[in-house]
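A short worksheet on the structure shown next.
Chain naming follows the written order as A, B, C and D, and within any one chain the residues start at number 1.
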């Protein structure tokens, strides 16, 4: 079947490949014309030989996605479906869906997990939208998802897919931080002489075994003391939104928030807050401050 | 080969079975004589037909373990080895080892993970002790551990095994709390209509896939809203020790600590701290308090 | 001088009184006509005998404030000034200011602290706006603020006042929680026999002395074990906004966030997250769950 | 009245002065003989002209205090009283008291707050011990404490004084961190142009007014951007013990723990934990790491 795919970067490029391997016809567009199949969104829409058309948007969240959806609203027709597979905030979905609905165009949001391993293992898909719109995209979901019973859910109406993916990433932050704190404690205590070996021993038969643990073991095999990596960690939006949504719903999320704050701290050369604490200690106790 | 095993409860009983399936001769003792092979520690020690003797202690941490080790010190001989496979605090290990060393008896500490699944899948083992003492226990470690390259580490000298297991459990607290907070957020937002389905979709192809996630999916299949479970969570020592060791080594562990505190809170009918906050709000703002 | 004051509740009523004691003429309006000086906003605006008119809005944040500002935009004239002294989110200020600016009406936001003690001690004021608009309100700020050098700041342009007040409240959450956790620990340890006495001893000569401490001592004198207060704590917006702004600016705020989450937890009969943790422990360890 | 005082450093020296101003005779000993009144503990004990003798120990916690108490046990007699006014862990108190009790010597523990301001304002005192032993020290407590009803509590039996002081310091950590996080947020948002002015405005009429706030305002007047202070903060024991005692009593202390962990982080050039998180992100997402 035919699908349009906008955005052929690290994720989109591999998804095109996985869709093609499954026998689908992918009409790919990217700002980088060297990797694109067509030269514009107009060409992309015109290249379809059948309808309804399904166009999958895989561009950065925020303005790029919003602008692309708007442009597709000009080009597509009643009954077509747009899928936003990017990392959009779920609150954008309703806006996009309402905009397209004015012309009878359907909208489906899809949270996509899998990273650079997705081409081989399949992409886990969390999907939001009406049953009829989701049905139009289903053949492509089947091609992208991992084999077997797992890796796909129709989570609810428009927005549910990105919401589920957002929570997935929030949990991811928390899990990574849990492993990381444990790792640091192992390295801090002299009694444990083989830290990479301890983590490796956990890969089977333990409560903490996971894919993330496997990756940490890999990283330590390449660089046993992580000497080549700085403790500087970016965050990409979903972690922040998770905390904000938790606040909206009065859900206590101490672990997820602590994980986000640890990333913020990791990026500070010096901490204004800790300057203030040092200043206070100096004021009341005459404690020396370090400059 | 022959091994003595003291403590035949949920863990010890299954370990006896797994050792026997591997062809070892297990001399089991338990306070509950109905499940024991011998009637006393003296009988256990006398039942060995060869030496050195290896005796594995699998009783509750604290006094029961300490008392058992002391009694074994009276009964065993130079060259024998005692293994503490219970959940002892690693600081007990040096004391036990020094006590036994006076009579030339070796000591090995083994952190054991696997729970009720260990009989089938094997027990992950984190081991501390001298190379020569560990070597005497090695055949039994081989029988207990999962198949393949994983599930076993000789982490360092005496204490390293229990330290590694302690950190394992600390991480476990953090991971469970991360999933739990994400789960609660999913249930709090109306947009996600199929929460169990979302968690199930994560089991393949995602960053958060793990054995713990599989278990949570199982639990939700049995009880989709967890209606039959109260949010009351005990803790068993390792989580506390992890935080205390982190403090000893000045390692920041916000996620692991938050996970422990969440358990403490879960067990309180009312919170004295929050009473104090409510009292303060009433004092300065005239905010109504709830009784 | 003349000032209009809209909203004569717990805060506004006392502010009217304090302004009058300072010799100002206050034209007060409230939905509750029994306590109002005029029957409508139109009457309020018409009651002024001089210009420019200053109208202080002291109604609940959100729609009530936004609607009142809009209505004043219809009634006031070029050169008049509206002050929002309520607990509005600072992001509303720019919107309100721009709306009024179309008609040449000025806008000033004022964060007001002091609660039920303000009538006697004065209200601390954090103010945002252009120098010329702030100047028009200055006589009233002087009347409302505490005596002396303190209790007033022109923090910056429109929005700065509410932003500063928001942070004030965020800090308040953290301080209260710090006292509360310490209080609970004192009550938990048998060795301290006179908990109210300990807190009272801290009121002079210590690092933790503060007005909040004084209030906690008061509360404990009235009810030494806080038996009459439930540990159920509401939150009113500023605490949430503080965390959200911290996230916007990538500022790590573990203490402020923990304080907010403790309030969320205090309001839960049971915790879905801790249900999930209990379910997990049951799955892997056969730990009993409580129902 | 006569009192022996051992340790004449920053705290002890000022306490000698405050006791003398109140008319007491202080026999001071210090390792630094230039500031001492006597040359040895033996001389100190012999210098008393009446009995029972009260000797106040004001040396660093841990071995120095334990050794001094032991030595005093050799020199003092039945009915004398030793006061430990240092920052000892409360668990040491029972040990010291039992040791001295063998010779009929009394023991009182006194948590002392006040820092470099104590000479002028008085020292807040939290005292543990038997009523009869406390009574023997009472005249000196009266001289050291601030004037008025506050600044002194007999909190309970031996250990209660240091326990109360420990909790005081734990709360202090939390309060300082609350102010510090709020301060950082104020500096991060462009809308607030006068951060020191905002903090100054809070000194009267607000909920967050306190002595610590006054000190922070002082610090900002000397150095408005805290340019001369590094965000590097030590901790001195009580903060750690507070968390450990909270864990012992299953008291959730998220704010106090977060404050301690922020200090740990402030002292790290790079974070092993965040290296691990960066390594994980690189493994699963191909995210660049910073070196």
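Keep this in mind: contacts are C-beta pairs under 8 Å (C-beta built on N, C-alpha and C of every residue); 3 or more make two chains touch, one makes a residue touch a chain.
No experiment lies behind these values; they were computed from the predicted model shown.
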Practice problem: List every chain that touches both subunit A and subunit B. | Solution: C, D
Self-check item: Chain whose mean Cα position lies farthest from subunit A
Solution: D
Quiz item: Same or different: at the subunit A/subunit D interface, is the fraction of residue numbers used by both copies above or below half?
Solution: same
Practice problem: Round to the nearest whole Å and give the separation of the Cα centres of subunit C and subunit D. | Solution: 33
Quiz item: If you average the CA atoms of subunit A and of subunit D, how far apart do the two points sit, in angstrom?
Solution: 47
Quiz item: subunit B to subunit D: how many Å between their CA centres?
Solution: 37
Exercise. Would you pick out the residues of subunit B that each touch at least 2 other chains?
Key: 115, 117, 177, 179, 181, 184, 188, 207, 211-212, 250-254, 258, 261-262, 265, 271, 273, 284
Self-check item: Complex interface listing, subunit B residues touching subunit C
Solution: 10, 115-117, 176-177, 179-181, 183-184, 187-188, 211-212, 215-216, 218-220, 223, 226, 228-234, 254, 258, 262-263, 265-266, 270-287, 289-291
Quiz prompt | Sites on subunit C touched by subunit D in the complex | solution = 90, 113-115, 117-118, 121-126, 128, 145-146, 148-157, 159-160, 163-164, 167-175, 177-179, 181-182, 184-186, 188-189, 191-194, 197-198, 200-213, 242, 245-246, 249-256, 258-259, 261-262
Quiz item: Once bound in the complex, which stretches of subunit A touch subunit C?
Solution: 207, 240, 243-244, 247, 250-254, 257-258, 260-262, 264-265, 267-268, 271, 273, 284
